[in-house]
Structures are given as structure tokens and as C-alpha cells.
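Got some structures for you, see below.
Both complexes shown next keep subunit A, but they swap its partner, so subunit B is in the first and subunit C is in the second.
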Partner chain A sequence: MSARLGWAPYALLLPSIAFLAIFFAAPMVQAFALAFEGADGGFSFTHVDRMLGDASFRSALFTTIALVVLVIPVQFALAMSMALVINARLKGQGLWLYVYALPLGISELAAGIVWVSIFTQTGWLNSILMGLGITERQIIWQSGESPWLLIACIVIAEAWRATSIIMIILVAGLQSIPREFLEAADIYGATTWQKVRRVVLPMLRPSLQVALILRTILAFQVFATVIALAGTGIDVLAAEAQRWATDIDNDNVAAAYAGLILLLSLFSTILFLVLLPTREEHQA
Partner chain B sequence: MRTDDRLRRWRLPAVMAAAVLALGACTAEESPGASAGASAGANAGAEAGEIVMVSSQLVPTAEQETMNNEILANFEGTVDFIGLEAGPFNDQIRAEAEAGEGEIGIIGGLDGEFDAFGPDLLMDVSDLAEELADLGINEDYLELGKLGTDTQYYIPWMQATYIMVARNEALEYLPDGADINALTYEQLTEWGANIEAETGERRLGFPAGEDGLWHRFFQGYGYPSFTGGVNTTFTSPEAVEFWNWLSDTWQYVNPQSTTYGFMQEQLQSGEVWVAWDHVVRLIDALESDPEGFTAFPAPSGPGGRAFMPVIAGLGIPNTSANPDGAKELIRYLLSPETQATTLNSVSFFPVISAELEGDLSAGLQAEADAVQTMQAADDALPALLPTGLGEEGGAYNQVFRDAFQRIVMDGEEPAEVLESLLPNLQAVFDTSEAPCWAPDPESDGPCQAQ
Partner chain C sequence: MTAAPREVPLARRRSGRERIVERGLLYLGATLLALFVLVPIYLIAVSAFTPRENAFDFPRSVIPSEVSVDTILFFINASGVLDSFWRSVIVAIITLGLSLLIGAPAGYAIARYGFRGRNTYRLVILSTRAFPIVILAIPLAVTYRVWGIDDTVIGVAFMHTALALPFTVLIVSSVFISVPRELEEAAQTLGCNPFQAFLRVSLPLALPGLAAAAIFTWVLSWNDVFAAVILTLQNPTLPAKILSALTQSPIYYQFAAGFVMLIPSVVVIFFIRKYLLGLWGRVVK
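What follows is the complex of A and B.
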């Protein structure tokens, strides 16, 4: 069969490969070169050392990982329920899909600014809380002195902003589950929870894997939301990279930070591939 | 037949969409060169022609709009005004210099930025400076425009500084015997403490966020006021006193300050009652409610009442695409009418001493008065913007930001933190070979931080 196709498939793939090579692979190689280039053009660890020795490195690394660990489960639980709602094809389903997909239409920074108007001291949240009589004083949610409160604000903002991406992948996955399996489960008297646990989730594995990997990679790059909500109150890796590149004008250390983000993304991808292996299970 | 019906249904929406897109394209083309209206009529502008102006000042969108619609409105040529953040600003100008040709016609930047570009990149404008001598451009600033040589490389354009503004409801909490136009830093702390004691809220505010100019507070106000110097007194006992003062005062400062970039927003919303910031970032509050706010000079410390004048200038790169047009633009921007418009629209103060026509708005008058009071004070101590640091400017600012983060936010010992940051500071001077600047005493060769 493949003998007949010959080199045609590869030729068709060539434009995509060229695009990826020029716009992704080449800059990535250049970035790594930047991170490790020595003063005399050779290989050097100076920039990596400088990154590791920076006062904000440890807190940036810890905060980024903490954000990823906190945001992903929240988003997946939310996305799963949203996807099940969409998939149930209730009345007015079109409206639900529209409402859920709204946050996809705005940029990360715009979302951050929207949430600032909610969390700021004279913002919506305090107005609502005080109006309902729950608090008497304005609470300072974005205080640089309470980093965990800031992290909570960012988790909420990120959950609002990015859950739709996961939801859409899960909806697609749900719709590819053959109805026969669910009908068979009904015949055997399974409850909804059993159906979800025993039929839906296992068959959703490929979609879950894809969504997890995608979302985790994006989560390691969290930047604009943090800048908008926390300012200099907490550090994250992407913000440090930007600071070294623009404020301190040192592209080498910025490249080191970028390289670190890449390594973390790679590590988590491999982790998910190992923990969530997908098998072809579509036998009747 | 059925296909025709379906297509017919889409005809009207398609035509409407095309019309909207065409309209959008027209307006999009017009806005950058904005003075389309003015320049369409004035064909005498053939001399000035089209110029691309790249500027690190007036970058926020609102200010760019004002530049295009008000300040440049009466210019005879067409100006494509591009406001850029520090990174792209540096990159673009340096790239064109390296390439040996480019589209940029004229550069608007800070004194420190021109210093970084250096004489090699800029055109000699000494003849233009002589021509404009009648306007009475500030002598000190003209001198700065020579970048340490005998040749004029940039013409001073406008200036700004940093002051403080308070909501009037805060005035009743001033300490006894304090004169708001001659406060000390100790009195500022007491003021904050009084407000917190009476209202339970922390109402002092500083722009300690990502976009905030917080590092200028240390370089131009805090350090010189307490120690009389900046780099040569970095680890001195007086500096430790300054940091202790800041740590003490921070308990009366709104903790959300780490997100603040432009203090006028917080002043207007009431989150902050007493703020320090750049004049341009406070003007909205003063304009919106002149009766509700008071502008006043920064406080004084043991070393004097330090303040930082910010000088912006206009320079012509050697690779300029339109040097004659650039000179026309400089003449225009330095004229009394335009200097007055600049002051009124973006609240950057003039650099010429020629009479400006017209009255100032109430908010601007308040700022101008505060600036005047500060400059005329007996203990006034001008502390210049860092000069000659070139690409190390960011690293220099970072030293002070790190000191703030570690001492005030993380609670480390000031003396230890300053000692550990001293090598970073010296590295900046060793790499840039910049000499010390006022109020530090002049140095032979690179500044020696202590």
C-alpha cells in the first residue's frame, strides 16, 4: 500500500515541517544557545548560575509550580462538569456553549484587567460583599503582604479564563464515545456516577491526556494574569524572563528562564504520557 | 435555482460587511499620521515632508492620541508618532544604526537614553541650538545635551518631576505643626499613622507595581534626602536609617501598592489618600477635582529636600530619513505655543524661559505651584536621573527594587542586604564606566559605589 504512495505523503508534509523548523525549532535552538553562550563564544554556565542565584528565583519557581498544581485540578473538575452539561444536550444548550466559550475571546491581559476591577479594594467584589452586609470594611485582596490570597485570586481568574479550552477538547472527546456503551451501561442498571466512572472517563482518556498536556504547558507560562493581579507582589518564571529581557536588558538570563520553562513543560508532558497511557479500546 | 435563493439572502449582509471593512481600513490608515486634516491643507509643508518620530516618552495610548491630535496638530509636515517601550525603543534605534539606514527621522527620549546611544549614533545639532538660543532654553539641560562633549547632540524638549498629592479629607490628620509644603519624612509617617489610627485604613500609597516608577523614589528622593548622595552612600548608616524609615512607614501604606502603576487612579477611587508619583501620572486626579486634591512638594530628610528633574530631549540619528524635516519638527516643538500646548495637554513642563501664552488649568496650576515650591525651597537638592549607564540602566534600577523587596517586603536586615547588593551596583558602573552624577561628588572614571 505505502509503496504506491511513495514520497507523496512526505512531500505534502514538507511545508508544515519547514514552517515548524523555521519558526519554532530554529528560535528554540537560538534561545538555548543564548542561555549557554560564554563571553568568548564558548559554552558557559554563567547565565544559568546567575538565574539560580537571583533573589527571586526560588519564589518564582515555587509560585509557578504551586499555580500549576492548584489551577489544573480546579479547571479539570469544572471543565468536566461543563462538558457533561453541553453533552447532555439540554434545552438551550446553544446558550450554555456560548456563555462557556466567552472567555476564549479575550486576551490573557484583558482577562487579568477584568479581574483587577473585581478584586481591587474599591472593586466589585468588595462592593457586593459590603452591600450584602457580609463585611463592613473593604478587604484588600491584592495585597503584596498576603501571597496566598494573591495566588487564590490568580487561580480564580485563570479558572474563569482558560477552562473553556479544556471543555472544548472534552466535549469533542465525549461526543466520540459510541452511544452503544452508554446504552449497555443503562441496561445493566448503572447509576450516572458509575457510568461516568466506568464508561465515560476511561474512554475519555485520550482527550484527557491531550487536554492535560496542553493546559499544563500553558499554565507554566502564566504571565499576564499574574502581572495584572499581583504586580510585583509575587514572582513567576515567565515574568522573571520578561524582566531580565526588557528591564535588566540581559537576554542570556532571560533565555535561561525560558529554557527552564521548556524543561518543566517537557517533564510534565512525559509524566502525563506515562501516567495516562492510551490504548486502542474501541472493540465492540 | 435554490442555490440562487440562498446566495441572494447573503448579498445584503456581504455588502454591509464590505462597507464596514472599507470604513475601518480608511480610519485605520488615518489615525497614525493623524494630522491628516491639518496637513492636507498646508502644502507649504513640502519642506518638512513626512517624518517618523520614535519616542520613549508619551507612550501610553491616551498620551499618543494627545500628541497626534493636539500637540502636532499645527505642524506643517506629517508626523508618524510612534511611542515605544524601552526594549523595542532601544532595539529599533540600534538596529537602524547598525544597518546604516532606516525609517526613523527623529528620536524623542530621556537624557539617560541619549547618553546610552552615544555621540556616534546622533547628528550634530549645534547650529540648531544656536538658532534657538533666543527661546532661553535651560542652560543646564543644554549642557546635558552635549553628552559630555563640546558638541550638541540633543535639544532639550520637555521636563517633568515627581511630587506628592493628597485627598483633602486626609489633611485633617496632618501632625500638629506640620506645614504641608515643608513636610519631613518623619511627619509623613506620623500622618499615615494618624490616618490609620482614626480610620483603621492604610492610606499612604506608592507606585511599587510593575509599571510604577518606584525606583526613582529611591534614586531621587529617599536616598539623597537621608544621605545626601546615592551611589557613594549606598551602604552608609544614613542609608540604613532610610530603609528603617521605609519599613516603619510601610505599615501605614496600602499593601496593594505592589500593583500600583499610576497613582492617579487610586487617588480618585479613594483607595489611597496620600501618594507620591510622576507629575504626568497624578494630573488626572488634580484635573478631575481641583477642589478635592492638594499637590505638594516631596518631604525633606536629614540630607535635604531631594527631588529628581526628568529631562526629555530631541535628537536626530545619523541614519535619519529626513534630517531637514526633523529640524523643522524640533523648531516647532520648542516654540512657545507648542510648549504651552504640551504643558496643558500632557503636563510635561517647558524647558524654555520665553513667556508662555494662556492660562493654565486648575490642576496644572496646582502641579506647577508644587514644583515651584520644591525647586525654590531652602533645602532643595536636585538629584539627577542616572546618566551614562547605557544598557545597564535596567540592572541599576533592579538593585534598588531588590533592596526594597528584601528589606521592606521580606523583612531582611538592611545593612546585610545593602552589603550583599553592593557588588551588583558596582558591576553596573564597571560595565558602563559611568562616572558619578549629582548629588554624588564627581568622580574620575567609573563611579565607586560604597
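What follows is the complex of A and C.
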């Protein structure tokens, strides 16, 4: 039986392999070809040099890294709190999960606009602050003059939008921790904090690692949230790639930016694999 | 070890009033986190249902004095919005169809068959997630110009399918792993051929999970901005249209746009909420 159908699994895999070869692997290689192609068709650093010399390059690189470094810890603190709440099995557990998971389906652009309605000068935040008498005049949150304030707005918007994916991964990880472990800790009189520190976090390591890798890769590509909240007031790498591809119409420099994002992603992935080794990896 | 028994009553005492306080704090924290998610959604809804002439009123009132669809109608009737909306819908449907057509057989194969190269294939599929999608769009735009499918719905759909396919494969495989293989075998001993066994036994059982996977693919496509901006020019999808209109559009246009983009996502997550843990939890493993 299984011998007769020996070819079947390969036949089932074939379409997906072919599709990914054409639309995933080929463009990946082509991106580097574009970034390093010379005028004569040979190898050249012209486009990379042009990217490095671009007026916005340094600020785009700096802001992107700053956003990753600031957003990831905030998201993980929030996601961990949400996951622990779900795992504590409050009444209406399904409802809590739905609410926390809601932003999972919300796009970067929509999320950016949601927070524009809050941070804009005549927006909700100023209305509430002045309504409560905390400030006397409208504060301009989204101003190119104060980039750190603008970055703070983006961090909050990104924390709101993209925490849920981490939360889901952590909840799935928490559910795989045997309840007996926590009960044993209870019997020995462990406080909640001790249980989190000594039982939950160590056992959650594989999930944390996956979530960190996934979320960091996505964070390096931050794009529409920045455009919505900051316009061109702040440069990030993905927006630069888009500007070179569509406005300037230079696919080579755009590909160089994209390649840089890829390198940063791979670097961060390797960093997390080294910093947070898990037992599963040794087994696999 | 010997000290342990003495600590047991200590632990029991803790479970009295402290337990209640702890539980209360937990509900408080849970509520604050929920408000952080829900309040901005409420605020954009109020913004979108505020009539245009009141868009700049200050201070804004959290409880709207007037609910009107004026702003939303203005947005929908703005030039190019309805066209790009339909384009987005069509791209998402093609993406969904293609990724199920191509990805579901592969997912079924790695769930049901043991074969050489299975783990390698799984690993390759998993590792696609380590690559930023940003890098795909730019070379594909160049390729599409050669193929003559630049600035088309099908071109965007191909790119979205490339993004969604790894998820579809992994999700579908996890769905079929949870449908017992024995049922299919039982059907075969009762006279079904393998294909009939799949069609009559496994497929109906897998259907809800597959639907969740399909909906998730749909959301992925509906939400993409970056690829759509790179790959389209005259024929943008809705997010691409909105992004390029952002700088020239009045703020009430943005509010309505944000709300219109957000609503399908909120509804969709409600319908697939039961499967979220399965979708993402299993993708991890």
C-alpha cells in the first residue's frame, strides 16, 4: 500500500515547492543581484555606496534599530502579562483571549491611523488631558521637531498592534507547562512572582525564543505605522526602500535597503539562537 | 527536604485573604490590559462616525453627541476608493484560493505520510519566516515588468500567496494531524479508496480548521501595505490607495479609512478566535 503510493507525498509537495521557488527563492537571490549589479552587468558596490551615502541612510538605520530596541521589551512585558492573565483562567476566559487577540488582524496602516486620531493636535489625548486639567494647552505630539516624542508615539502604536501575536505564542507555550509543576510550587508556598520566575519562565524558553525571533524580524520592517504617524518626519529602512523603489524609481538602491533589512533580521535571529539556546534544538 | 512539611500549613494560610486580594489584582490588571486594546478601537469608531464639519471640534467628547455616516460615505465616495476596495477583495480571494490549492496538499502530505525529506521540507517552510517580506517585493516588481503583469491584481495576489503559503502548509498539516488517521483507514477497510476516504471522512472533520486557515490568509492579504505599494501604480489595493492619499487627505478621510480597514479584521478574529491558539501555537512547534 505505502509502496504503491510512494510517489504521492512528493506529488502533493511539488506545487508548493515550485511556487516558492519562483516567488520566494528567486526574488531573494535577485534582490542581491539587483543590489550588486554593475552598469556593465558585473559585480559592483555602486548601489550600496549610494545607499550608504544617502542623506537619510544614517537616520533611517538609527531610527529602525532604536524602534526595535524600544518596542520589543514593551511588547514582551505586555504580552507576558496578557498570557499570564489568560493562563490564570479568569471567568470568561474566551472573551479575554478574544480581546487581547483583537489587534492580530489589524493592519499596520489601520493601527497607525487609529493612533493618529489619539495623538493628533485636536485628538483624543489632548482632549482628555485638557479635560482633566492636566495640561492647559494642546501638546503637539507628532512633530518633526521632537523626534523622540514621535518615536514614543510609534512605540505605543506598535505595542498596541503587534503584542497579540507574541501573546498567542506565549499562551500556547504556557498551556504546555504541566499544571502539576505549578501545584507543586504552590504546595511549597511559592509566591506568584516566584512561580513565574522559577517555573514558568524557564519552561517558556522555546516559546519566548520563537516569539522574539519572529517579532524582531517583523519589527525591522516597520513601515506603515511610521508613515501614518510621522509622514516623512522620521526615516526608517523599509520606508527608504519604498521611496527608492517608487518615488526615485531606482530598484537597485531599493534592493540594497531590502538586503540590509534581511541582514539585520538574520543577525538578530542568530543572536537569539545563541543567547537563548533551548533543549529542543539539541534534540532536533 | 525535611523543612518542606513545615511549609505546607504556611502555604495553606496564604490561600485565605491574600488569595482574594491577588485574585482582585489579577482582574484589575486584566481589565486595564483589555482597556488598552479596546479604547483606541472605540475612539477611532467615534472619530469615524463624527460628521465632517465637527472633525476639528476641540475638545472632543468621548460620548458622541451625534452619530453620522457622513464621514464614512465621504470616504467611500472619494475618488478611487471603491475601485481599490474591490481590487483588495479580489486580491485576497485569489490569494486565499491559490494558497489553499497549493498549500493544502502539501500540508496534508506532511501530516499523513512518512517520507524521506519530510523534515527537510518542514524546516525549509519554517525558515521562510526568517526572511523579511520587504525583500521580495522589489525584485518581483522588476520581474513582473518583464512578464507584463506589473500593476495587476494577479501580480499582487502571487506575492501575497508567497507570503501566506508557509502558514497555510503548517496550519493545514496541524489540522490534519488532529484528525485521527485511523478514521480514514477504517473508511478504506469499508470499501472507500484513499481519495474517497479523504473526501468523505477527513475533509469534513478538518473543515472548520481549514476555514480558519483560509480566513487568516485572507486577513494577511487584506492588511498588506508594503508589497501593494511597490507592486501597483495605477491600480492600487485599498491600503496602497490610502497610504498614498495620506498626505493630501483631510484628517476625517483618514479616520474613516482606518475604521473601514479595521472592521473586517475585528469581525474575522471573532470567528476564528477558537483556532488562534491552534494556528499560532502549532506553527511554533
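Quick notes on this one:
Following the convention adopted for this analysis, the second predicted complex is superposed on the first by the 260 of 284 C-alpha atoms of A that agree within 3 Å, B and C clash if a C-alpha of one lies under 4 Å from a C-alpha of the other, contacts with A are read in each partner's own complex, and residues count from 1 in each chain.
We adopt the following convention: a contact is a pair of C-beta atoms (placed from the backbone, for glycine too) under 8 Å apart; a residue touches a chain by one contact, two chains touch by 3 or more.
Only a predicted model underlies this, so the values are computations on that prediction, with no experimental measurement involved.
In the three-chain model built by superposing on subunit A, subunit B clashes with subunit C.
Contact with subunit B, but none with subunit C, is seen for A:Ser56 once the two complexes are overlaid on the shared chain. Contacts of A:Gln142 after superposition on the shared chain: subunit B is touched, whereas subunit C is not. Look at A:Thr246: by the touch rule set out above, it reaches both subunit B and subunit C. By the touch criterion defined above, A:Thr120 lies against subunit B and subunit C together after alignment on the C-alpha atoms of chain A. By the document's definition of touching, of the two partners only subunit B reaches A:Gly233; subunit C does not.
By the touch criterion defined above, A:Gly38 lies against neither subunit B nor subunit C after alignment on the C-alpha atoms of chain A.
Applying the stated contact rule after C-alpha superposition, one finds that A:Ala224 touches subunit C and leaves subunit B untouched.
For subunit A, the partner touching the most residues, choosing from subunit B and subunit C, is C. By the touch criterion defined above, A:Pro178 reaches neither subunit B nor subunit C. Across the options 55-63, 181-189 or 379-387, subunit B meets subunit C in a clash only at 55-63, per the superposition defined above. In the superposition on chain A, the residues of subunit A touched by subunit B in one structure and by subunit C in the other are 116, 120, 122, 138, 227, 231, 245-246.
Within the complex formed with subunit A, the subunit B residues making contact are 85-87, 90, 200-201, 208-210, 212, 254-261, 269-271, 391-395, 397-398, 401-402, 405-406, 409.
Residues 5-6, 8-10, 12-13, 15-17, 19-20, 23-24, 26-28, 30-31, 33-34, 78, 81-82, 85, 88, 90, 94, 96-110, 112-118, 120, 122-124, 126-128, 130-131, 138, 160, 165, 168-169, 171-173, 175, 186-189, 192, 206-207, 210, 213-214, 217-218, 220-221, 223-224, 227-228, 231, 238, 241-242, 245-246, 251, 254-255, 258-259, 261-262, 265-266, 269 of subunit A are the ones that touch subunit C when the two sit in their complex. Remark: subunit A residues 55-56, 116, 120-122, 137-138, 140, 142-146, 227, 229-233, 243, 245-250 touch subunit B in the complex. Residues of subunit C that touch subunit A in their complex: 4, 7-8, 10-11, 14, 22, 26-27, 29-30, 33-34, 36-38, 40-41, 43-44, 47, 56-62, 101-103, 105-106, 108-110, 112-113, 115, 117-118, 121, 128-143, 158-159, 161-162, 165-166, 169, 194, 219, 222-226, 229-230, 233, 239, 242-243, 246-247, 251, 254-255, 257-258, 261-262, 264-266, 268-270, 273-274, 276-277, 279-282, 284.
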